[in-house]
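Paired with chain B in one complex and with chain C in the other, chain A is shared by the two complexes that follow.
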Partner chain A sequence: MSKSLTNSIREEARKILQEGKVDFVIGYGQGDNSMRTQPVFIDKVEDIDKLVWPSFGLINLANYLLRYRTTRNTPHKIGIVAKGCDSRSIVALLKENQIDRDRLFIIGVNCPGMLSRQVAREKAGEIVAASSNGDKWSFETTEGTKEISCFDLMPSNCVACRHHAPVISDVVVGDSIKEPDVEDDGYDSIREFENKPAPERYQYLMSEMSACIRCYACRQACPTCNCDECFVDITQPKWVDKGLEPTDLAIWQLIRTYHQAGRCVDCGACEEACPMGVKLLWLTRKMNLVVRERFGFEAGVDPEALPPLATYKKEDPQEFIL
Partner chain B sequence: MKKVPVLKTLYDHLSKDRQIVGLTKEDNRYFYRALDSFDQWQSNVLLGNFSPKEVFFPQDEVLFYFKAQKTILPKDEVKPNVLWGVRPCDIAGIGELERMFNQVGEEGYKDPYFMQRFERTLIVGLACSEPWPSCFCTSVEGSPYKSEGADIFIYPTEDGYLIETPSKKGEAAIQGLDVEEVGDVSQLEADRRRAEDKIEKYNFEGIADKLKLMVDSNFWDRVHNPCIGCGTCAFVCPSCHCFDVSDASRGSRGLRSRQWDSCLYEGYTLETSGHNPRPSGRERWRQRLMHKFSYFPQVFGSYQCLGCGRCGRACPVNINIAELAAKAVEWEEASAE
Partner chain C sequence: MNDDPKILAFLCNWCSYAGADLAGTSRIQYPTTLRVLRVPCSARVNPQFILKALQEGADGVLVSGCHPGDCHYLEGNYYARRKFATMLDLLEYVGLEKGRVRFSWVSAAEGGKFAEVVKEVTDGVKQVKDTSQFLKKRDWPSE
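Now for the complex of A and B:
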C-alpha cells in the first residue's frame, strides 16, 4: 500500500464529496489482509479513510460504472479512482455510449503497476499469510516461507504496460511515470509463444482452458464484457452446452476473447479474478496484438478514434478472408 | 482410543480393498481426486480449491441419456470409496448436503445420484492443529477438532496419530489394523483449545431471528456493492447445492445433465417473461445470507455455513461472509440514513 498515493486519493475524494460534485466515490479499499483488495463506495466524508492505494489491486473499477449505464437512467454523479487501464476502459465505455461523461468525476492515478495474487500463488504456492518489507514480499505457504521481490510479482500485462498515466481524468494524482521505449511494444512474450510448435501451443492452451469452472468471474470482472445477455447464458437457441466438456470450455473462452476485439484494455482483471488461476491473458493479449498489427489500434487510448469493429476502411487488411 | 505411529499404516490398511480419494495437486490447484499412493496426498493443505462436495455432487453430472422415447440411466461406476483426510468443516459440509439430498420422512426428497455415492463412502477426518487465518468454524458451531460426521477421525499428536471411530462403519473398517490402545487422551483437550484459540471468533448470536426481521432493511443497500456477481463463492462452498438442469441433444438422442448454479448470478431467478424478482446484487445477497444464516437454521436447525472461509479466499473482491453476518447481527435500523 502506497502511503502517498493513498493520501492524495483521499484528499481529492474528500474535495469532490464536500463540494457536492459527486454522490459517491468508487475506489479501492483494504481487504482481509495485505494481499487483498475490496472496492469501496464512499458517500460520506467520515468514511474517506476507507480509501487506499493497494499493492494487489488488479481490479478494474470501471466495471462498476455498468450499474449506472446510460440506459438505466440512474441519477447518480459518480467519482471514480482510475489507474491507466481503468481510464482506458472508461474511454472504451464512453465510445460505446454506455456511460455519460458529465456524470463522472475521474480521479486519475499515475499507476506504478500492480502485484498479482495469481503470480504469487504460482511462484510461492498455497499462501496462508503474507507480509511486505519494502521491495520484497514474504509468504507463509503450506511448503514453508518464501520471499519474492515486488517486480517478480507483477503480472504480464503490468510488466508490458505502456499506459501508466490515465488517458482521461478530471484530476491526476501520483508522480508521472516514464513510459518504456515505444520501439518495444510489450508483446515479446506473445511472439515467443507464437513461435512454439502448434501442438505444444494447443496442448498448453487446452490444459489451461480445461481448468475453467465456468463461474464467469472473468466476465463479471471485465468492464467491456457488458452484453445485456451473454451468449453463454442464452438457451434459445443454445450456442454452447452448459457442462465442463473441454471443447465447450475452450469455445466459451475463445468467443469471450473475440468479443473483446478492439475493446480489451489489457487490465488483467479477468485473469486475477479467476479462482482457478487460468492464464487468460495469453488469449486476450494475442488478440490485442493482432488488432494492433492489422489496424494500428489500441483500445481506449484515443478518445476520438473509432474502434476497428465499428468502422470500415478500404485499405483494411483482409488477406485472412478466405 | 487407538494410536498408530505413522498415518501410512492406516492408509495402506484402508486402501487394500477400497479406492482412496484425497487432496491432490494439479498445477497450482488442489482437488479431491483418487490417490494412487500415500505420497500423492497433500497433507499440509487444509482446504482444496473445491471442497469434497464434488465427490458426492459433481459440478457437471449426467442424469440420464435419451434416445427417441427411451431413457437410459448412466452407468453406476462408483467403487467403494474412502474420503481421506477431510477437515471438520468439510465433514460438516457433507452433513449439510445430506440434510438436503437425503431428507427425512416419506415426503422428504432423496437424491439418488448423491445417495449412491454417499452411502458407500467412508469418511476419514483429520483434525486441524494449525488452522488458517481465513477459518471461522468455531463461530458456526464447528471446531478444528470436531469428529462428528466422520467414520474415522485422526488427531495428530507429537509422537503419532490417535484414531477415533465415531461410527460403526469406521470401527469395522479398522478391524485388523495393528494399533496401540491408548487410555489417557487428556492431551487432546489442550490441543483442541490451542487450535480453537487461533481461530477468529465472530458473534452470530440470534442471527436467524434477526435476519427474519431484516427483509426490507437498508442493510442490504450497501453490503452487496463490491460483489461482481460471479459464481465463485457458491462453487467453492462445501454446502451450496443449487443446480441448473440442461439438455444437450442431436436429433432424437441426447442427455439431460445438471450443473452447479449460483444465487449471485443475474440469470438465477430470471423468469421467462423477462421479469427478475431479484433484480440487483441487493436482493441476491439478501438471499445468500438469509439462506445460510436464517432459512436453513429455521428448517434444518443448523447454519448452512461451516466456516471454512473458502468463499472469501476465492472471491475476486474478497467478500467475507462472516463479516457480513456479524454486521447483520449488530445492525440497528436507526443507524441507516
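Now for the complex of A and C:
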C-alpha cells in the first residue's frame, strides 16, 4: 500500500465530500487480507480512512458506475478514484452513453502499476500469508517462505501499459510517470503465439478453457461487459448451452472477447478475477491488436472517436472477401 | 479430405440470394454443398451465428451480401464487413483452420460469380483437415 498516494486520495475525497460536490466516492478499499482489494463507497468524511491505494488492486472501479447508469435515473453525484485503465473504461462508458459526465468527479491517479495475485500464485505456489517489505513481498506458502520482488509480481498488462496517467479526470494525484519508450508495443507475446501452428493454437484455447467453471466472474469484473442480459444467459434462443461441454466453454469466451472489440482497456480485471486461473488477456489483447491494426483505434483514449464497430469507412480493407 | 462437405450459406435477400437464383435459372452447374439460409442483410448475421453453425456440424460457413455501395439498407454491409473482419481474425488466431469460414459479395446480376464462389468455397472446405474443431460433443459429459 503506497502511503503517499493513499494520503492524496483521501485528501481529495475529503475535499469533494465536504464541499458537497459529490454524494459519495467510489474508491479502493482493503480487502480481507493483504492481497485483496475491494471497492468502497464512502459517503461520510468519518469513513475516509477506508480509502487506500492498494498493491494488489487489479479491479476496475468504472465497473461500479454501472449501478448509476443514465437509464436508471439515479440522482447521485459520484466521485470516483480512477487509475489509467479505469479512466479509459470511463471514457468507453461515456461514449456508449452509459453514464453522465456531469454527475462524475474523477480523482485520477498516475498509476505506477499493480501487482497480481494470479502471478503471485503462479510463482510462489499455494499462499497462506503474505507481507510486504519495501520493494519485495514475502509469501508463506505450503512449501516454505518465498520472496518475490514487486516488479516480478506485475501482471503482463501493467508491464505493457502505455496509459499510466488518467485520460480523463477532474483532479490528478501522484507523480507523473514516464511512459516507457521501448520497442515492444506490448503485443510481442501475441505475435509469438500467432506464429505457432494452427492446431497447436486451437489446442491451447481448448486446454485453457477446459478449466472454466462458468462462474462469470470475468464478466462481472469488467466495466464493458455490461449488457442487461448476457448472450450466455439467454435461453430463447439458447446460444450457448449451460454446462461444461468443451466447445461451449470456448465459444462463451470467444464471443465475450469479440464483444470487447474496441472496448477492452487491458485492465486485467477479468483475468485476475478468474478463480480457475484461466488466461484471458491473450484473447482480449489480440482483439485490441486487431482493432488497432484494422481500424487504428484504441479503446477509451479519444473521447471523440466513435467505437470501431459502430462506424465504418468505405475504404476499409476487405482482402478476406471473395 | 472431406468429399461431401456441408456448407451453411447466409445469403442476403437483395443481392446474393437473387444471384443464387439467377445461377439456377441460367442453369449454371455448381457443387451441391450449400444449405442456404436467407437473411435480410449481411449485417443481420451476428458472428455468433457462425460459431453456432460450426458447433452444430457445418463443415464450412459462407456469408454473402451485396457489393459495397449496393446495400439495400445503404450501409449494412459496411458494418458487416468490420464485424466479420474482427471475428475472422480472432477465429484464425485461436487456430480455426483456414477455409472454413468465408465471405463474399455477390450481386443479383452475378449468377456466374455465385457459381464460382460456391466452387472455390467448396474446394477450400474439402481441403480442411480437421472439421471437428468447434463441433459440439453430443455425448458430453459421459466418459
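The rule is simple: the second predicted complex is superposed on the first by the 317 of 322 C-alpha atoms of A that agree within 3 Å, B and C clash if a C-alpha of one lies under 4 Å from a C-alpha of the other, contacts with A are read in each partner's own complex, and residues count from 1 in each chain.
One rule holds in what follows: a residue touches a chain if its C-beta (ideal position, glycine included) is under 8 Å from a C-beta of that chain, and two chains touch if they have at least 3 such contacts.
Just so you know, these numbers come straight off a predicted model, no measurement behind them.
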Exercise. With chain A superposed, do chain B and chain C clash or fit?
Worked result: fit
Problem set entry | Which superposed partner A:Phe231 touches (first chain B, second chain C, both, neither) | second
Seminar exercise, completed: In the superposed arrangement the C-alpha centres of chain B and chain C open, at the centre of chain A, an angle in degrees to the nearest 10 of 90
Problem set entry | First, second, both or neither for A:Asp188, with chain B first and chain C second | neither
For this session: Answer with first, second, both or neither: which of chain B and chain C does A:Asp302 touch in the superposed model?
Result: neither
For this session: Could you say whether A:Glu143 touches chain B, chain C, both of them, or neither, answering first, second, both or neither?
Result: first
Problem set entry | Partner chain(s) touched by A:Gly243 [first = chain B, second = chain C, both, neither] | both
Exercise. So, does A:Tyr216 touch the first partner chain B, the second partner chain C, both, or neither?
Worked result: first
For this session: Rounded to the nearest Å, state the minimum C-alpha distance from chain B to chain C in the superposed three-chain model.
Result: 8
Seminar exercise, completed: The intersection of the chain A residues contacting chain B with those contacting chain C is 241, 243-244
For this session: Note which residues of chain B are touching chain A in the complex, please.
Result: 26-30, 42, 44-45, 49, 59-60, 132-134, 222, 225-226, 228-232, 235-236, 244, 246, 248, 257, 259, 262, 265, 267, 280, 312, 314, 316-320
Exercise. What residues on chain A touch chain C, complex-wise?
Worked result: 193-194, 198-205, 231, 239, 241, 243-248, 250-251, 254-255, 257-258, 261, 283, 286-287, 290-291, 294-295, 308-309, 312-314, 316-318, 320-322
Problem set entry | Residue numbers on chain A that touch chain B, as the complex places them | 31-33, 36-41, 59, 63, 67, 121-122, 125-126, 128-129, 142-143, 211, 213-217, 219-221, 233, 235, 238, 241-244, 272-273, 275-277
Problem set entry | Contact set on chain C toward chain A in their complex | 47-48, 51-52, 55, 68-69, 75, 78-79, 81-98, 102-105, 117, 120-121, 130, 133-137, 140-141
